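Got a structure for you, questions after.
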Amino acid sequence: MLERTGAMTGTVQRHALYCRGLVYQVGERRLIDGIDLDFLPFGISTIVGYNGAGKSLLLRLLHGLLEPSEGAVLWNGKPLSAKARHHQAMVFQKPVILRRTVLDNLRFALASRGIRDRKQALAALERVGLSGLESRPARLLSGGEKQRLALGQAIGCNPDVLFLDEATASLDPASVHAIEQIVLAASAEGTKVIMVTHDVGQARRLSDEVIFIDQGRILEQAPAGSFFASPSTRHAAAYLEGRLPETHQHPSQN
Amino acid sequence: MQDFASELKGALTQILSMDSGFVEIIGLSLRVSLSATAFSCLLGLVLGAFLAVSKFRGRQGCIILLNALMGLPPVVVGLFVYLNLSRAGPLGWLGLLYTPTAMIIAQTILITPIVAALSRQVLEDLHDEYREHFASLGLGMPAQIRAVLWDGRYSLITVALAAFGRSVAEVGAVIIVGGNIEHLTRVMTTAIALETSKGNLSLAVALGIVLLAIALAVNAMVASLRLSASRLGYA
Amino acid sequence: QDKSILVQSTTSTANSGLYDHLLPMFTGKSGITVNVVAVGTGQAIKNAQNCDADVLLVHAKASEEKFVSEGYGVQRFDLMYNDFVIVGPAADPAGVKGMNDVKAALTKLAEAKAPFASRGDDSGTHKKEMSLWKAAGIEPGGEWYRSTGSGMGATLNAGVGMGAYVMTDRATWISFGNKGDYEIAVEGDEAMFNQYGVILVNPEKCSSVKQAEGQAFIDWLLSAEGQNAIRAYQVDGQQLFFPNADPGQMKKAG
Amino acid sequence: MLERTGAMTGTVQRHALYCRGLVYQVGERRLIDGIDLDFLPFGISTIVGYNGAGKSLLLRLLHGLLEPSEGAVLWNGKPLSAKARHHQAMVFQKPVILRRTVLDNLRFALASRGIRDRKQALAALERVGLSGLESRPARLLSGGEKQRLALGQAIGCNPDVLFLDEATASLDPASVHAIEQIVLAASAEGTKVIMVTHDVGQARRLSDEVIFIDQGRILEQAPAGSFFASPSTRHAAAYLEGRLPETHQHPSQN
Amino acid sequence: MQDFASELKGALTQILSMDSGFVEIIGLSLRVSLSATAFSCLLGLVLGAFLAVSKFRGRQGCIILLNALMGLPPVVVGLFVYLNLSRAGPLGWLGLLYTPTAMIIAQTILITPIVAALSRQVLEDLHDEYREHFASLGLGMPAQIRAVLWDGRYSLITVALAAFGRSVAEVGAVIIVGGNIEHLTRVMTTAIALETSKGNLSLAVALGIVLLAIALAVNAMVASLRLSASRLGYA
């Protein structure tokens, strides 16, 4: 899929996102343990890894929601700031829903980008399949509906960088497909997408590059094609096959 | 106590066959307390929300101070306001001493820390839930304050009611700055204090019961407003 | 329109209901509204010193004279008097009932260590009580002597609540509602005379003083009409205050 | 997989769970719109359907967490009660985590079943791969770890009926596999499992029967084999193929 | 006011060169307020938690009543206790009137509704989050009450501090049932009221400042306990 981005090499610098020596430590534990990453300036980068590997923490650090204990994240050559976040958007693994209607939730998010047009909010709802639910109390939505709302907010903001943390985990298969199309479209329009997923099929379908993270460290970063064809580490291979690495604590198979 | 019960009944009937003076006292009580509650909510909620959403050095100290200020003695607040509004004081030229305005000022000072401290706690719990979403949206402080105040509005009602309760039951501050002057600054609590010092205990208790009934009415009204107000979008 | 004056007075006069009797007459005649603030004697004097009064009406002669001599007041006039009594439980544990020699009665009370509730608030009443103890050569103190640090009504409530003797002015006692089984035990000694005075706050110190209206009120109180009105005030068929303005006083002031 | 349950026909009655005329209405909307269901008394029943179809609501009704507007749920011939719930367990789509450590969360759940043995709690943690995280504040766990904790609580209770609402949605592939084995084992030991999933592969792997629900109505209930081979309704077929039914509001594919 | 400032300074130094009588007053203030706070938390938290987790007909009415009772006038509570503990009253034989115990009783009555009403709100918000989990576990009322009290403990500290503030600043009830008797029932607030009525306004304000300092110390201690207590498992 890398050819999609050929037309936009002129904008490469604009999205340059990288980090150096990133550490996130709580007490004694180094949850993120020295990460250097250069993201492809375009296309879709997918982060995969076992539960608790540090994927969500890494996304938060990249988005600037957490202050790294060591190291730094740079976007367009500058450190992150609240202002930078105005050009980014994130869908959380567990969506945060305000005590308001569906439409008000969406308008609240768009308003932070200065988008106050009701029509644009309605269009975003339509895109994620929530038309007709505008005036529902958003906290009473079903799990999948909540996730769509969060997606609608993020996509409605037209961000330069879109972080997706298991954004389709509780969607039905049809919606997963539809959302994947939306993400591909956004990416094609120049949005840099950095996503986390446990759906290996989805990672295959969408990724331009794959990053494998384990116990807070990057074990592999490779173009999607080569990663899925022949992962270079034993751990990544085990992950793809749905096996548990022996060195890890994981559900015993009884 | 049996005696007392019948006395109390007498006092209550006497009160409830309201003369205009009594209606005046009730009216002033409500006016003063509701105004003070409104002003202290205006100030206290914003302050509480600010402390709930912000992070700065000294924030913990501010919170401790605010919590301690819930223990502001009414008499001291009354004296403080008195000394300022007194003819001899810096604001004496305003001529506000012994007016309902002075009572409202004193109660507002007394109650604002309560509103701020309690709403800080309520809103901080709420903000913990919203924090990352707000950070991701890059929201500024004013937007965050507005958002938590709006989303926490139903929980904040209890805070406002606590403030109202404190102000309507309070006597120490209003008696100093109001002077308990008949037809001018006499409210329910100062009337109760007066009857107590006259030894009319049953009348004092009866007035207290009436005061509670008023508080109950205000609370019931707020509750029904809250229920009948569309809770749409809030869950 | 704002023809109103502020009188700082003691709780005992206000609690007796005297003002409810007098003020309508004065207001009806002069059109001047009189607002009465009833507080402890010390507080009343202090408030007047702060210019928060036009007229001061209290019963602590020494303090009043000091008030005038320091220039806060124009002139002090004797207005009326009543007397102090000692009240106690019907059972009369100290056996002082019917006595009219206050020194002897106090000596007996101290010897019996019968509970005695004192106001202990530096009020006119308290100062009087202290002077009587002194005259009797007793330094009151110990378990039985309880200083309530409260107003007259509160001290009476406390005395009734714990079965202690209390010295009170007769006006407060007669109009007091929570008598329980209490009766007057000691009365009639000339030493228990209680003189009230009235003072116009000095306009030279306090420009806010409504001199004309305040003086009108004082003049009326001292006039035959005012004095008669005071004499006419009764509770339970008993006269509470005995007017004793000296007609000559006025001329001195004039 | 039905043969697995052959040995336990004696316990058939014990797990009999069914509902009749079940309606759950909020305002005008009938979110559950008249459902009659008889569950296989053993094995794994899987409920599938689009987002917002009513799957989670149905599970809640079957577990007795919601009071139906009409109709009734019967378990062992009796209406549901708090006591019945002591023999059931549920993993929510969005796990509820107490403000305690991982171990304390688990012990809290087990205590409700009278299981106070610390060892049993540790064993349950081990089963879901959370050994070593006992003393972590549970609300700081990663999404997948939280889901395991919820699973550990439910399985640790040894319920007769186990409700799973997308219980593996945010697990990594290896953990999904491990949890599936645990569920199969529980089912083999006689636990009736009623689960919701959007993972068609998982539904295929685990289900004995499949129930397809759409807009609050049951469109199909069939043995797993026949459902996946040839669904009898157009809607179910579309669902399995990841297509959106034309009659529904769903994400537009742009 | 300039005068006043220097007067105040004098009063403060006078106070702070503490004589034993003053230390006694501070000690009694703390003893009474902390005891009343403890008892009212014992009662009020359980009541608040019960209302937060339960559902029954009349619950809404109870909540309204409780919110209204936050407006209980201290003087009326004082009178109520006085009438019961007075020699002539039904509990007169206990001989409790004009003892610190009576003051604690009166303040406990005054403050319990505040604790209950505020904790009800805090715990209801928490229970909304836990409700389904608890229902699924088939937890009984006592277990639910215990669980929300435990999990809400950090938010409830603010409620307890509000109760402490109310009780330490309160004068109306304690002066009636305590009598402000020197060396026996004189506390900070009644001493302040006394100095005020004596016209020693600067001394009264100085005492108020000392009272606030004490409240601040208590709050700071609670805050540091809260911080230093392991917040393990709580987030």
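Letters A, B, C, D and E name the chains as they come in the text, with residue numbers starting at 1 for each one.
In the analysis below, a contact is a pair of C-beta atoms (placed from the backbone, for glycine too) under 8 Å apart; a residue touches a chain by one contact, two chains touch by 3 or more.
Since the structure is predicted, the reported quantities are computational estimates derived from the model, not experimental observations.
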Worksheet item: Which chain pair shows the largest tally of C-beta contacts?
Response: B-E
Discussion item. Using mean CA coordinates as chain centres, what's the gap between subunit B and subunit E in Å?
Written reply: 17
Discussion item. Nearest whole angstrom, what separates the Cα centre of subunit C from the Cα centre of subunit D?
Written reply: 82
Practice prompt. Could you give the separation in Å between the centres of subunit A and subunit D, each centre being the mean of its C-alpha atoms?
Written response: 28
Worksheet item: Distance from the CA centroid of subunit A to that of subunit B, rounded to the nearest Å?
Response: 48
Worksheet item: Which parts of subunit E, given as residue numbers and ranges, touch two or more other chains?
Response: 82, 176, 193, 196, 201
Discussion item. Quick check on subunit C: which residues sit in contact with 2+ other chains?
Written reply: 39, 47, 151, 154, 157
Discussion item. Going by the contact rule already set, what residues in subunit D reach two or more other chains?
Written reply: 140
Response to the item:
Listed by label, touching pairs are A-B, A-D, B-C, B-E, C-E, D-E
Item to complete: Note which residues of subunit C are touching subunit E in the complex, please.
Response: 39-47, 117, 120-123, 146-151, 154, 157-158, 160-163, 180-181
Worksheet item: Across the complex, what residues on subunit B touch subunit C?
Response: 86-89, 92, 95, 97-98, 179-182, 184, 194-203
Worksheet item: Which residues of subunit B touch subunit A in their complex?
Response: 129-130, 132-133, 135-140, 143, 147, 150-151, 231-235
Worksheet item: Tell me, which parts of subunit B touch subunit E in their complex?
Response: 1, 4, 60, 63-65, 67-76, 79-80, 82-84, 88-90, 114, 117-118, 120-122, 125-126, 155, 158-159, 161-162, 164-166, 168-169, 171-172, 176, 188-189, 192-193, 196, 201, 204-205, 207-209, 211-212, 215-216, 218-220, 223
Discussion item. Touching residues of subunit D toward subunit A in the complex: what are they?
Written reply: 26, 49-52, 55-56, 93-94, 126-132, 140-145, 148, 165-166, 169-179, 181-182, 185, 198, 200, 238-244, 249-254
